[in-house]
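Each of the next two complexes has chain A plus one other chain: chain B in the first, chain C in the second.
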Partner chain A sequence: MSTAGNNGRALPWALVTPALGWTLLFFVLPFIAMGFSSLTAHEGGGFTASNYSQFFTNPSYWQAMVNSLQVTAIVTVVSVLLAYPFAWILAEQVPERWQRLALMLAVLPFWTSYVVRSYSWLLVLAQNGVINRALTGSGLFSEPLQLANTRFATVTGFVHFFVMLLTLTIFANLKQLSPSYRKAAADLGAGPVRTFLHVILPLTLPGIMVGAFLTFVLCIGDYITPQILGGNNELLMPQLVMMQIGRRGDFPLASALSIILMAVVTIAYLACARWLKIERA
Partner chain B sequence: MSAISASRNPLSILKSHLHAACAATALLLGAGSVAQAADLNALIWCDHSDPALLQPFEEANNVKVNVKEFEGTGAGLAIVEQSQPGDWDVMVIDSIDIPRGVEKGLFEPLPDDKLPLADMFPQVKMDGSTVVGGKRYGITEKFGYNTIGYNKTKVDPADMQSMAALTGDKYKGKVAIYDYYLPVIGMAALAIGKKTADLTEADLPALKEELLKMKANAKLVGEVTASQTALATGEVDILVGGGEWVTAGLAKENPALDFSIPKEGAVLWSQSLAMFKDSKNKDMALKFIQYVMSPEGQARLATSSCYWGMPANNKAALTDDQKKILRFDEQPGFLARAQAYPAPNADLDKKMQDMWTEMLQAK
Partner chain C sequence: MRRIVRIASWLYALAVYGFIFLPVVVLVLFSLQATSFPIPPFTGPSLRWYDAVLSDTRLTSALVNSLLVASISSLAAVTLGFLSAWGFARFVLPGSGLLRGLITLPLTVSYLIIGMGLLVLFNWAGVPKSLLAAGIGHVVINLPLCFAIIYSQMGDHQINIERAARDLGAPEWKVLLLITVPVMAPAIFAGFFLSMTFSWDEFVISFLLTRFDTTLPVEIWNLLRSGLNPKTNAVGSLVFAVSIVLVVLFELTLLRRRRA
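Now for the complex of A and B:
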């Protein structure tokens, strides 16, 4: 009896051990190493908290965090606003037999290299790019607009990527909704708009939040897109982190900045989980 | 510890098993290339990964050159620190950073008598950096200028003879800045009449003011590829910090790209080769350095597909066309007006980088 009970407890642990081992090896241990490094002086070693204090006392560093949060918030909101109707059309308007093909087409951008995609956007948005040629060629503008090397370009590059990610999560959520919700709403006299606003949207909110949180996490930690498309006209946190490594090899400061960035992501997660019950998704 | 107790130690057992596994793997991997006698492991910049440079050396010496690219001395030294002693044989490094490697005990002195020092442009030997404690730890292989790169069909070349053009209104929004703080701070120093070698913390406010003026005129601040692309595609017409390393490689496709050494001067960049103290293949490492410094190796390195630059050896076997593109014959005049790359101590370096961060964040 006792042996059977032990076996019953051992099996779940055995099943979860590979995942725990993986997390320990590739997250916990590196995180501890990074934490240790962040408390070490770059020159001469020794314990110091100055890597953290620099972030709070240097306005340029602080500004990088503000920029990151602003860009991430804009990207998340715009991506949700674009992805929701897209996912809804896919789930509700496209016939079932075409949905798989439509989804495949929707995720096509994932098949190209992230770097290549960013450089492609740079060419599209450049002074002599497709958009500016169309605008000046049609006579709408006499001079090309500065689209590349701006925050707008960074946001565009991000949104292109994350709309696809959000579409997938929202589409999956929409497909899980039973048709009886809609029928019940109609029986009670609700029109399509009211049904959407009071039934469909609240029920798909967990899917939106999961996608939005993933967008937030991936966007705030991304280095490539702002580096290629932003033209360094403002720095985001990942760029600031990389800058410490390039020539000076200041890994302690880079570690401290990374941990601060991670703390912000954790706060965002706690905020999402508490207010919007993310676990329901 | 006795041999018996060591053999019973679980860690030793694990270690010996690991060694055996590694040896077996190495044998398996090596089986496909038994014809090659040895490998040479090189930490390099992208210009050394060109097969046109490496292949002749590999064939002549029956050796495989394994390369790993890095950007920035800090990143390169971090790779070395994370490797086992002996993993690397040679390294490409900013000439001014050789003392950093020597301080860490990484480099092996090089034999002066086996290197073509007499054939080098005297100004680029950089003995102040490459020779430490009377011993040579590096040799300059390639150099050039951080100066003004421009499109001569879009701007008046006469304007490019003065750095004032970079901060004036005439080319506002047509300028890109190369995203590397040391050379561009060096250019800002020249613009305000300071010598790059004499920069101190007291100069930072004036340098910052000059950098902010440049930023106000700039459309972007880009690393190598971004700034080169911006100039080549017409996104901008002027590149602050550009030089032959941007324009020469694109000369065939875009002959309108050129560079000037303005009246204030230019900043001299130079890269060196160093040999690791723990290299297990020092003879081959020296042969590699000698090959790169030879007239043929120098010509191939100077015209590498990644970026062009002036060969340090003035006997480099360049064609007349290549010499023309690199403005080889004008070098004595250029070198006379060029100033050294700023080489700040660690404290000033940090302050300069923070000043650069501030410039990037400025609206």
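Now for the complex of A and C:
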């Protein structure tokens, strides 16, 4: 395949080495440094496993992981349930020539700044924000509801972002299905509901799993949304990590907590990969 | 039955569109507020908060920093990504699959952890916090994207054009600059604009790796400490506008590729 001629083996390596070197130096090496750091004591250095054992013995650290997993699970399920029918409507009910525009509109706020998007939700959910004004103004409630700085606010902010992301992936998935599946099901006498339940849904399930996994990974590692919308009433893992750096400069503990967070994502990945394989069989 | 499904679909789609656009509409609407609180009732329209943003030197210099970091880091990411994609697509290298996996590996790790790792490394190596450090982090997150986009677009069709050029006696650097780069231009632009969008928006890495001179998302974060403020709405609306421009450019380059 190579037609490099005189340059021989030098040229291809010269092409790929800068990118490989960059990745090794600024991605792999930092990771190793973080691993070392996580095994040192914050005060006085020296090797120790106490940063890891703290996570299992300190109930507030443990609680942050439980909160993170709960929020992530709720967000993933709610986002999939909201996005699937929406993507289906865009792919099946909207006329072909409007589909591109409809999809672009549906994901437009996806491209706004992440920090600004969370702040915008704060405007909507604040004590005297749009929703509370509408509720008290219409006389439904006499007192404004506590919506901001709650788990509800964090979940709303996350769901907003992931509905857009999942709409994109599920829409692509639905459009890839060949129309002959639907025709075959109809020929065999299945109505629209049975066709959906027994043909369309199972065929799009692997795509949904990929989207759900992506949601899980991005959601559990995000610091911005819980910090802006959830506040400090209930800490999630990324907030706990950032707290160690900000308040106490405790890099070893922050490193250990980051590695634990990554381990959880890896376990989820392995579980998900196995599930997907079973689906394919 | 059909009719009911149709009406239910319309209602559902409208509700989801409403949910998706609610925060953006509130953001932009109250950026035009005349009084000091971005909450109902609406007292505008007024451009005073846009004035306030444009005369705030911390915000304007953060905006310039963001544009600088985004364009330089994207240029670096797309250059490294293009060269490696070309190397892997055109030559048989030992362990190619493994090495390609290594380049795309950062895609699977959250920004927080990439930022943490660089913070620990730079702290240990004595590298001070700076825009350069944040830019290095942005190349780490965007290089795999540029590589994946460009690598996936390198087909046999381009190999043949390159072979023709070589047969006609073009040296390797001429093939690269006069054939491969122009042929791959749409994928290169797509990688560049996508990197620009991500770098422009990136918060956590910049937050961890910069100190005094910082990028716009970090400066906006600092503004949030003062609570709800129409000035934050105004700067947020401006950021939104820039992102939309980047996305439209990205769409146009992709569309052009599809038509070609």
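Rule of thumb we're sticking to: the second predicted complex is superposed on the first by the 250 of 281 C-alpha atoms of A that agree within 3 Å, B and C clash if a C-alpha of one lies under 4 Å from a C-alpha of the other, contacts with A are read in each partner's own complex, and residues count from 1 in each chain.
Methods note: a contact is a pair of C-beta atoms (placed from the backbone, for glycine too) under 8 Å apart; a residue touches a chain by one contact, two chains touch by 3 or more.
The model shown is predicted, which means the values in this text are computed figures rather than measured ones.
Asker: Counting only touches as set out at the top, which of chain B and chain C does A:Leu122 meet: first, second, both, neither?
Answerer: After superposition on chain A, A:Leu122 lies in contact with both partners, chain B and chain C.
Asker: Output check: A:Phe47 vs chain B and chain C. Expected answer is one of first, second, both, neither. What do you get?
Answerer: In the superposed model, A:Phe47 contacts neither chain B nor chain C.
Asker: Touching A:Ile245 in the superposition: chain B (first), chain C (second), both, neither?
Answerer: Touch partners of A:Ile245: chain B and chain C.
Asker: I'd like to know which partner A:Tyr61 touches here: chain B for first, chain C for second, both or neither.
Answerer: In the superposition, A:Tyr61 contacts chain B only.
Asker: Looking at the overlay, does A:Glu234 come into contact with chain B only (first), chain C only (second), both, or neither?
Answerer: first
Asker: Please determine whether it is chain B or chain C that touches the greater number of chain A residues.
Answerer: C
Asker: Touching chain B and also chain C: which chain A residues?
Answerer: Shared contact residues on chain A (touching chain B in one complex, chain C in the other): 119, 122-123, 126, 128, 228, 245, 251.
Asker: Quick check on the complex: what are the chain C residues that touch chain A?
Answerer: 5-6, 9-10, 12-13, 16-17, 19-24, 26-27, 30, 37-40, 80-81, 83-84, 86-88, 90-93, 99, 102-103, 105-106, 108-114, 116-121, 123-124, 136-137, 139-140, 143, 147, 163, 166, 172, 197, 200-201, 203-204, 208, 217, 220-221, 224, 228, 232-233, 236, 239-240, 243-244, 246-247, 251
Asker: Could you please specify the touching residues of chain A with respect to chain B in the complex?
Answerer: Going by the criterion above, the answer is residues 42-43, 58-61, 63-64, 67, 119, 122-123, 126-128, 146, 148-149, 227-228, 231-235, 240, 243, 245-251.
Asker: Sort out for me which residues of chain A touch chain C in the complex.
Answerer: Listed in rising order, the residues of chain A that touch chain C are 1-5, 7, 11-16, 18-20, 22-24, 26-31, 33-34, 37, 82, 85-86, 89-90, 93-94, 104-106, 108-109, 111-117, 119-124, 126, 128-130, 133, 160, 163-164, 217-218, 220-224, 228, 238, 241-242, 245, 251, 254-255, 258, 261-262, 265, 269.
Asker: Within their complex, state which residues of chain B touch chain A.
Answerer: 71-75, 77-78, 173, 179-182, 219-223, 226, 229-230, 233-235, 346, 349-350, 353-354, 357-358, 360-361, 363
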